[in-house]
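The same subunit A turns up in both complexes below, where it pairs with subunit B and then with subunit C.
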Partner chain A sequence: MNMEALEVVGIKKSFGRVRVLDDISFKAGEGEFVVMLGPSGCGKTTMLRIIAGLEVQDEGYIYIGGKEVTNLNPKLRDVAMVFQSYALYPHMTVYENMAFPLKMRKLNREEIKQKVRQTAELLRIDDLLDRKPRELSGGQRQRVAIGRAIVRSPKVFLFDEPLSNLDAQLRASMRVELRRLHEKIGSTSIYVTHDQIEAMTLADKIILLENGVIQQIGTPEEIYKKPANLFVATFVGTPMINLLDGTLILKDGVPLFKSGEFEIALPSFKEYFALDGKPVVLGIRPEAVTIGKGPYRATVRQIEHLGSEKIIYLELKGKDLVAKTHGPAETDRAVCFDFNEDGLHLFYGRERIERIEEG
Partner chain B sequence: MRKWILWALVMVIVFLSLGPFLWFVDTSFKTEVEVTAIPPVICPSGSVGFYVSSIKNYRLLSYVKNSAIVATLTTLITILLSLFAGYSVARLGLPKRELFMKALLVVSMFPQISIAGPVWRILYRLGWLNTYQGLVIPYVTLTLPLGVWVVASFFKQLPEDLEDAAIIDGCSRLGALFRIMVPLSAPGVFTAAILVFIYAWNEFFFALLIMTRQDVQTLPVGIAMFQGQYTLPWGEIAAASTVATVPLVLLVFVFQRRIISGLSAGAIKG
Partner chain C sequence: MTPARRERLFSVVLILPAFLFVLIFAFFPIVHSFWLSLHRIVLGLPGLGEPFVGAENYIELLNDRVALRAVKNTFLFVFVSTFFEILFGLLIALVIHERFKGRGIVRASVLVPWAVPTVVSSQMWRFIFNDKYGLINFLFFGGDVNAYRAWLADPVYAFVAIVVADVWKTSAFAALLILAGLQAIPEDLYEAAKVDGAGWWQRFFKITLPLLRPALLIALLFRTMDAFRVFDLVFVMTQGGPADSTNVLQFYGYKKIFAEGMMGYGSAVSVLVFLISFVVSMFYVRMIGKRMFR
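Right after this comes the complex of A and B.
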């Protein structure tokens, strides 16, 4: 008997000839906040709809609270969903919207009233209960949509890009609030987004999808610090990781990355024997470039100020390099810099090569 | 200057469309003498004699009753079927959906006369000539294309998320249809209902063909039958025509807002 809050096993789904999900399996523990992250069209929303029962998979199984729900219709699965468009019922008041799922479950009127009140207070929308959705702002609608999901205390919450219709400032504050709400209610949540910041800040666990295939499952830290492959490394992190094509050469037993005239010794990478002379890609996180002193020199081409930090576009022996730093720099002047080795990643083919200490 | 021309044109159009209607309303309140007076009397004396006479001598109320029954039944059945058909067309991803909609359109364009013969034979065999169902069923057939088109185009405009939300909240598909989709498409449903009602209320040809017994005839046929071989009761015809028209005018006035938003809905969103 499996007691995970949600388990997805071997889900496959095609629309016509297009395979949108290929053998997706993952688990979400009780109270865990799982974010499915990926570019648009990667299949994350389809996966969510399959969990909800709005879409039927070609193959695979779904378990919620240890019970198989693979072929059950949505109302028997005990899940609630928050839609990107909010999907509030326009002809009902806020109160009626929130009471609707309870009414469908045939709760008595007193119980409904009490639960709606309680939820509305939790979300601070108790003064809006008599309004219609069209009289609400985007943020308020969002709260009502969340309220309608919370009010039934379902086993699993499903969120389909719930913040993407809000402006940047509101999105940031709703994000914080969602996390706080999650900690208060402690419910299992599956959250779909293409926004890496949402994923990094909200998730206990991130599932990164591309073209219907899971690229990596891990905590936000793991995803960032140990990206499984080139896709993960480039998708997560702003500005994007620098990628240099080059060759790995063994020199006196130390692996040396060579790209044109640029060379860097990488003492902490293992498996280098097998890679001697092979083409590899070196990934350099922008914040791993430390400006000020060091053995490397480059010319500053452009500077973007972000307030506390700046983004510096460097030219390094004919190659572009982006750095995110506090260090001093002036346009068109040469600077010295070094690399922080934690932010360096080596890829062979698509896969990342692990470091010795990670082994 | 241009404004004046515009106004003049509007007045001409209004007069042309309202003129006949105003004339028979006017006539219905005249007396027997005033009707045939030359030059014509514009201001009638306000007699209701023709109304009384058309009820007493020409069974006007029986026609009104028959028309009301037939038009109401037709509207209810057509709209109910349109809701289901429109929903399937708009949402269920039927194969060859476009073909189905086009076929409906084509069917609705058949001249009535071309199906009159078969319809009569079928009803004859069923023994449904001179029955309400005998008239209602052909009416439903003829109005269904309109109903399905209007309802389907309204359903298509509603975001699918709403229905998904309702289904997750615990509705069945039918529940989502009647609790969410139908209330939100009310303008469209009303528009379709009124158009269907007007059609069934006004229809003459099938009514004449199928209802040969006077006690089941509808208003348009009934009024046409006022005319005898040697008599032309203008006053009674005018009175009956007024009675036939007023309910429709009231209906449209009451639901005016909804109808306008219904007719223009397609224009706002693709």
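Right after this comes the complex of A and C.
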């Protein structure tokens, strides 16, 4: 018997000859906010629809609240879903939209009334209850869609890119609101998005998918600080991580990364001695490039001002390097800089080599 | 010429063909029919002239028992046939909306009855209801020729027969309009309803039907107006008989004008058909306008 709020075991799914999900397994604990993150076409929405029961998997099992629901229809799974398009019933008022799932579960009138009111107040849409969806703004529709999901307190909430139809400002405020709601209600949520900022800010746990395969499962911090492979490292973080192709060389027992004329001594990576002379990739987070002083010199090619910070495009011995910094810089001038070791990641093949002190 | 004037001129030019079409083929005949209906005109007796008689034809119409019977028949025909056409149209639309193997072929074949000219399909149904070699008789009585019935000679069955023929032919048209309505309902509404716990019937009554209302109303409008103007079916199958049991207004007007030569009186019948369809269509248009565009 398994008492996780949601457990997905070995889900496989193909559309025709295209494999969209390949052996997906993960768990979501009670009250956990899990974000499935990945580029479009990675299978995250399909996975969500399989959990909802709107799509049938080829193989694998789904458990919700310890009960197997693999072959149950959506109605019997006790999940609620917020759709990307909101999918509000256009002919019903906001009240009727929110009351619909309760009516389908045959609650009595008074109970429905009370629950809808309560939820509407929570979402601050209680003054919109008599309106029809077409009379609402995008943000208001979004709230109603969330309200319709919350109102019946399901075991698991499913969100399918719920913020992607909103403008940037509204998206940011809804993000905060969603987090606030989650902390208040505390129910298990599975949230699908391609937006790494949403994932980083909302998630307790991120599942990163690419081509139907899980690349990494971890907290936002783990995903960012210990990316499992090149895909994870490049997908998360803006600007994108710098990648330098080069070779690992041992010099007096110290690992050295060499790329053309550029050389840098590396911190101790696990089993680095086995990589001696091997082709590796060095990932450098833009914020790990500290401009001002240091042993390295490069030429500033371009500067983008982001207000509090700047993005600096450097040319380092014929290679491009992007830095995110507060430090001083001027276009076409040489600058000194150094690297913050925490932002250096070594990859061999596709996988990341862990650092020794990470344990 | 200023750009604004040029634009206005251009729009007038664009509207003109449609405007002329309506003027010549709709407005003029209606007005002319009305003018004719105020005169006593007998075809074949030009010597009588065409005296203006005012409302005489209309007063006569109100006292014409055959005409009143035709009004009753017409309404009954409209009501019954439209009801079944919308019902079957909805069923057909629901079926061909589903995804299944060979849907394309089914969709195309559903439309065949509608594509057949009414005169041809009416003739076909006349054969089917024939008293000696009709398919209906064969289905009911097999080889027992003595039991065969003359369906079209029976007032009730003859009426049923024209309704059946009309429903067979035009349900597909209703289905087409309703299918368009079905396709306009976003799929994710059904998915949301599924997750919300609605079963098939609940989805049908809470989502499909309410959202299909505009399409149903339009189908209803088209079918009602068409049924009011039924003529060819009656002309081919029953000639209004037996004993005027299938005599409908349009056919009666035709008979008056072309069989009896009563041009003025027949025109009065036509004007009556026009007035009824006008009132009914106004009613529908207002209803559709209210429901659809609010």
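Throughout what follows, the second predicted complex is superposed on the first by the 359 of 359 C-alpha atoms of A that agree within 3 Å, B and C clash if a C-alpha of one lies under 4 Å from a C-alpha of the other, contacts with A are read in each partner's own complex, and residues count from 1 in each chain.
The criterion applied here is as follows: a contact is a pair of C-beta atoms (placed from the backbone, for glycine too) under 8 Å apart; a residue touches a chain by one contact, two chains touch by 3 or more.
What you see is a predicted model, and the numbers here were worked out from it, not measured in a lab.
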item	value
Clash or fit (per the criteria above) of subunit B with subunit C on subunit A	clash
Partner chain(s) touched by A:100 [first = subunit B, second = subunit C, both, neither]	both
Which superposed partner A:91 touches (first subunit B, second subunit C, both, neither)	both
Subunit B versus subunit C as contact partner of A:15, first or second or both or neither	neither
Touching partner for A:80 - first (subunit B), second (subunit C), both, neither	both
On subunit A, the residue positions that both subunit B and subunit C contact, one per complex	52-54, 73-75, 79-81, 83, 85, 87, 89-91, 100-101, 104-105, 148
Residue numbers on subunit A that touch subunit C, as the complex places them	52-54, 73-75, 79-81, 83, 85, 87-91, 100-101, 104-105, 148, 158
Residues of subunit A that touch subunit B when the two form their complex	49, 52-54, 73-75, 79-81, 83-85, 87, 89-91, 100-101, 104-105, 148
Touching residues (chain side subunit C, partner subunit A) in the complex	186, 188-189, 191-199, 202, 206-207, 210-211
Subunit A contact footprint on subunit B (complex, rising order)	159, 161-162, 164-172, 175, 180, 183-184
